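Have a look at this one.
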Amino acid sequence: MVGGGKDAFIGAVHRIAANMDGLIELACGALSINPEIAKQSGKELFLPEDRTYLTYDEMITKEKALPADKRMDFVTIVTPNFAHFAPAMMALENGFHVVIEKPITLTIEEAKQLKQKVDETGLTLCLTHTYSGYPMVKQAKAMIKDGALGKIRKVWVEYPQGWLSKLSEREGNAQAAWRTDPKKSGKSGAMGDIGTHSWQLAEYVTGLKITHLCADLNILVDGRALDDDGNVLLKFDNGAAGVLMASQVAAGEENALKIRVYGEKGGIEWAQHEPNTLIVKWLDAPAQILRAGSGYTDRLSKYATQNCRTPGGHPEGYLEAFGNIYRNFALTLGTKIDGTEPTPEILDFPRVEDGIRGMGFINTVVASSASSEKWTKFEE
Amino acid sequence: MVGGGKDAFIGAVHRIAANMDGLIELACGALSINPEIAKQSGKELFLPEDRTYLTYDEMITKEKALPADKRMDFVTIVTPNFAHFAPAMMALENGFHVVIEKPITLTIEEAKQLKQKVDETGLTLCLTHTYSGYPMVKQAKAMIKDGALGKIRKVWVEYPQGWLSKLSEREGNAQAAWRTDPKKSGKSGAMGDIGTHSWQLAEYVTGLKITHLCADLNILVDGRALDDDGNVLLKFDNGAAGVLMASQVAAGEENALKIRVYGEKGGIEWAQHEPNTLIVKWLDAPAQILRAGSGYTDRLSKYATQNCRTPGGHPEGYLEAFGNIYRNFALTLGTKIDGTEPTPEILDFPRVEDGIRGMGFINTVVASSASSEKWTKFEE
Amino acid sequence: MVGGGKDAFIGAVHRIAANMDGLIELACGALSINPEIAKQSGKELFLPEDRTYLTYDEMITKEKALPADKRMDFVTIVTPNFAHFAPAMMALENGFHVVIEKPITLTIEEAKQLKQKVDETGLTLCLTHTYSGYPMVKQAKAMIKDGALGKIRKVWVEYPQGWLSKLSEREGNAQAAWRTDPKKSGKSGAMGDIGTHSWQLAEYVTGLKITHLCADLNILVDGRALDDDGNVLLKFDNGAAGVLMASQVAAGEENALKIRVYGEKGGIEWAQHEPNTLIVKWLDAPAQILRAGSGYTDRLSKYATQNCRTPGGHPEGYLEAFGNIYRNFALTLGTKIDGTEPTPEILDFPRVEDGIRGMGFINTVVASSASSEKWTKFEE
Amino acid sequence: MVGGGKDAFIGAVHRIAANMDGLIELACGALSINPEIAKQSGKELFLPEDRTYLTYDEMITKEKALPADKRMDFVTIVTPNFAHFAPAMMALENGFHVVIEKPITLTIEEAKQLKQKVDETGLTLCLTHTYSGYPMVKQAKAMIKDGALGKIRKVWVEYPQGWLSKLSEREGNAQAAWRTDPKKSGKSGAMGDIGTHSWQLAEYVTGLKITHLCADLNILVDGRALDDDGNVLLKFDNGAAGVLMASQVAAGEENALKIRVYGEKGGIEWAQHEPNTLIVKWLDAPAQILRAGSGYTDRLSKYATQNCRTPGGHPEGYLEAFGNIYRNFALTLGTKIDGTEPTPEILDFPRVEDGIRGMGFINTVVASSASSEKWTKFEE
């Protein structure tokens, strides 16, 4: 693991998610650029001292020098955005698979370089767009793919948060500081951080691609350097219309990601605050409440049922969704080792192509927001 | 009453709303342009035969000829949009107050003529933007006005319906037929019908005015003549950003009008499907559930408490919200008769100015949707 | 109307409910035992002075003396429980139909006398168990009757309120004073007031009869004279088990009446706080959300569809449920006048038999609570 | 681990919960009484062959023979109820701490023997009453302990499931087979399985003890050997009244455990289907929505905040609640090793005393159900 030392947020989440199914074990780490924190964090995580490294360079070099059955199998990168590319590229160059927090890199060019290296090496790069790991998100995708809703006409996706309602980056909040700093976070703030999740969810669930968009990015807290709010009109490749909203100044909101998709015959609604429920609405019949883990497995897609750990009514959450990405990634690596063929359900996790498209999304919304033209073409 | 014969939808709603509080009684009607339906409808509503008229012209002329204490006090117009202006103008010219279904007229010019007549005569014109009659909508408005949320930054309003998911106007659905016909409905379909409600709710609750917008109106059902879906980016006069969505092809949705407003200190959320609840979210404290009719009247605005009929937990709904508009209108007329001064709470119902601004909204979204410019100025 | 003067609660509710559909008009009243309040209340309700009576005796006597087409058609009694019987009996004896607030009388013997008089006269006595007027309650009843859930096994009904959490009867709360006074309210407080509603809902929805029960009535606020809380185990005539809970000291609750019924194939859940929704749960399939007023009328019972006034998504509430009882009662009277046959849907309102059984419920729970035996037979 | 081989339900849950925080690692197992399944399960869980044992006897004996730093630290027992006692006793006798699935044993006598052994050895026995591991359950407990609700008056706890709505034990369902078999499950079915969870939650949250109860246990599916449904009236040691309901034939329900507690000043409501929310209702003020992981940590108890892994809005669920029990157990063992003092928050997990009281609950409800007396004293 690169990054994720004491007090970092997402590193701990990655560790829990990876631990969960007993398939993955933390083997070593370059957990902080601060040597003291790196050492202390390694100790707290029960890492051996000789595998608690001070830099990713040291980690990759020394691990590669270990015998094949002793060295780490893959590298997880949980540093701020600007520090994704270099360790990812070095890991790939040295034969290690990679897991990266989204957005994949600081620029789309970096993302494309990673893709080229992935293509060259045949290694796997997994991008942790967590929300597509939820079983009922996968259920929605499967139903739409199977035509249950008919042609899709309308997509609404929203992600309101409230945690940047104050100028917290000036009040000692480290998370806020890097996420609102263009040098560390990239061209966009809210859209780069949570707009990308919303975009990915919309394309993942519908199977459609955005072709044009019209973005209004805003800085609603005075003194901030990057957008903390954004609203985007969308056009999809099948003619569907859509709206994407992402805000970090929706005071009082937590992580209220929600998607609604409507087709000719009905619609679906999924919200991450109650992730085990998928509401399916029908044009001429009562709405249905589909529940993760339910006994009526014949009504649920294998994409949903294979990504649950408990029976219905024992709620699973964010960590399990995250765990599904790690599990599917690990099972995929397992098939490489075994020489078997992974099932489509196992292969269903985001990867380098999604990273490139996510960078394209950021570039396009930023360009659109700066433009007086209504519609801007989605460019990857 | 003009219009609202058998099988019309909104006429019956107006009658229930007007009846509810025992302040208003249906005195006469020109209930249909079809003489048979007009007569039969009058009979079913227990109208005397001699006050069951065949045209609004006949009704206004003959009622005016009655002694002052026998004639009707005001005229309610519940015909399709294109047939609002003429009876309204004639009623005002003959000294009758007027209640009109929204949108007020077919064109903004007609609306302005009505305003001029209202100003000349001192009569009252009430526009039934029902949703602003809900007590918890009024509570939200009062809290925002009192600064509870701080400066407003973000407004989201949405109104998904699904009832036009098929080309019902070709399948004998009379409601669908006139609402999708530009000659009867006006320049816009979904935006004219329910987008205007959303717009009114947004400006009513926040006390802000939209200055610019960027609209994407769509016809998502092939063969339809007017927009059945629309998404609009909004700019408000205090710098707040917003989104307005209205769709009649959100298959499986009923009348899922919902508004969320966020300010520096917190946010509010109100949905018409559970209208007695107002959720108030706070930046640094637990969210609160405010309930209509609750015992903690000291925590509620008089605008809310005076528009409830039952104690908390006995749900009131759409008809009561509608009834609040009629009641406040009737109480206002009462003060004119008594020569007293109405309270601000009683005066709190939509009127001709809202009608003009609503027509401005329709004009602006239609113009914006046709434009390749991102932002269009809101013109009244 | 007998009772229901200024500041009384339920009288105003009755008037709105009766007004709503334009079928019933308040003709006269004996609105208070206090002559000043009676007169003032009559004035505020636009009653003619000569039909604003000071006692029910005067009202019934004088109205009877009027010509048949001028006199009132029926009497509504909304006084405290102890003052139900005398005016009801006098009304029936004088040929007037009757509407009574529940519980029907102070004792079961009085209720039986009323039934005898009803049987003798052929008049109609309507008892306002409001909750069985909700369309989705009727839908639940119809589905269970039609066997949709299979044999019923389990019934849970609960009615928590919090308004008696303090000793309000000693703090000048008039509602609290009479409802906690055995002389005015009867043998039971919470069980008589809201336990009876719960009992009626359970038997109405399931079509089953309670045969035995085991009651635990409690006075949880020191100094109170009647039970303010009760929990009852139930046995039904088909072998089903049940629980009924009613409390007026559930601090913070409004009128959270809720019923759940489970059968071999599935269950239903209905809550008065969101009365337009009926959740139907299935053993081997996703739960469904049935909504009042929905377009899928082929999936709904006529008992539900004929008791709605608005399309789905325009919420109806308590007043409309109350209005349904009045409307069905009025339509039934109408058929008597017309000499036609009322439909089963129109006849579906509570009457004197329900009143007797309700008194039996009160008697049985009070006896059971005093007994050390586990089960007490339900006696009417 | 004893039990929990392939296809067992709760064993996998224990492993995920134990893995989650990186504090515990599966070291060895006697995973099935079927040698083939035991071996295959060990292989799938990456256990070394020489620590994949065929019986708990072999496991405990051989592990004890290993050097202290190589042997397992504790034993987790996830077998059916009848097979809890023997391995637990043997583990304690050999110096191993123990984790047991509830109910602790088949009889209360066995439970008392375990307690005696725990007292003798000073070892820790942890009982996995999962639901008390949820952070918002702990928050409710802390608030009630701190007097936020005033004196507690009323407790309602319910646990409806539907999975035994058919006679599944005769249709090859292994879970159903042992849970409905008195020899394997004990004196009670539904009450032993989920009634005990409900009882524990009620006493845990309120800090009160049940003194008397009145139980009605039912077999609602013909042919079943143990109760599949039960309703219990409760009396608490402070005079509060209560109801406990547990059913496995509530067709269509999942694991809808819910608790409501009302005191003089307000009430709390928590439901496991949305476990990150605690609704706090107030007598004279709007209800509040407390959320796990929220930023307003000053409003939340340390018992809640220390049992969360993610910020508010990233839902945690059943596995995390289970993980909290394991984490607190592991941290407690850690303090024994370190010679430090565990905090009260860390010590907050169920143990042998809860097991004895749980067996007392089962005994008392079974005795009460068989009795014609209304009230039966709670005996441990």
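By letter and in written order, the chains are A, B, C and D; residue numbering begins at 1 in each of them.
Following the convention adopted for this analysis, contacts are C-beta pairs under 8 Å (C-beta built on N, C-alpha and C of every residue); 3 or more make two chains touch, one makes a residue touch a chain.
Being a predicted model, the structure only gives us computed values, none of them experimental.
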Centroid-based (C-alpha) most distant chain relative to subunit A: C
Chain pair with more C-beta contacts, B-D versus B-C: B-C
For subunit A paired with subunit B, centre-to-centre distance based on mean C-alpha positions, whole Å: 42
Averaged-CA centre spacing for the pair subunit C and subunit B, given as whole angstrom: 34
Centre-of-Cα separation between subunit D and subunit B, whole angstrom: 54
Multi-partner residues of subunit C (at least 2 other chains): 253, 280, 282, 287, 291, 294-295
Touch list for subunit C against partner subunit B, complex: 9, 12-13, 15-16, 19-22, 26, 45-46, 161, 163, 253-256, 272-276, 291, 293-295, 309-320
Subunit D to subunit B touching residues, read off their complex: 279-280, 284-291, 294-296, 299
Footprint of subunit C on subunit D - complex, ascending: 149, 153-154, 156, 158, 160, 162, 165-166, 214, 216, 218, 220, 229, 231, 233, 240-243, 245, 247, 249-253, 260, 262-267, 280-283, 287, 371-375
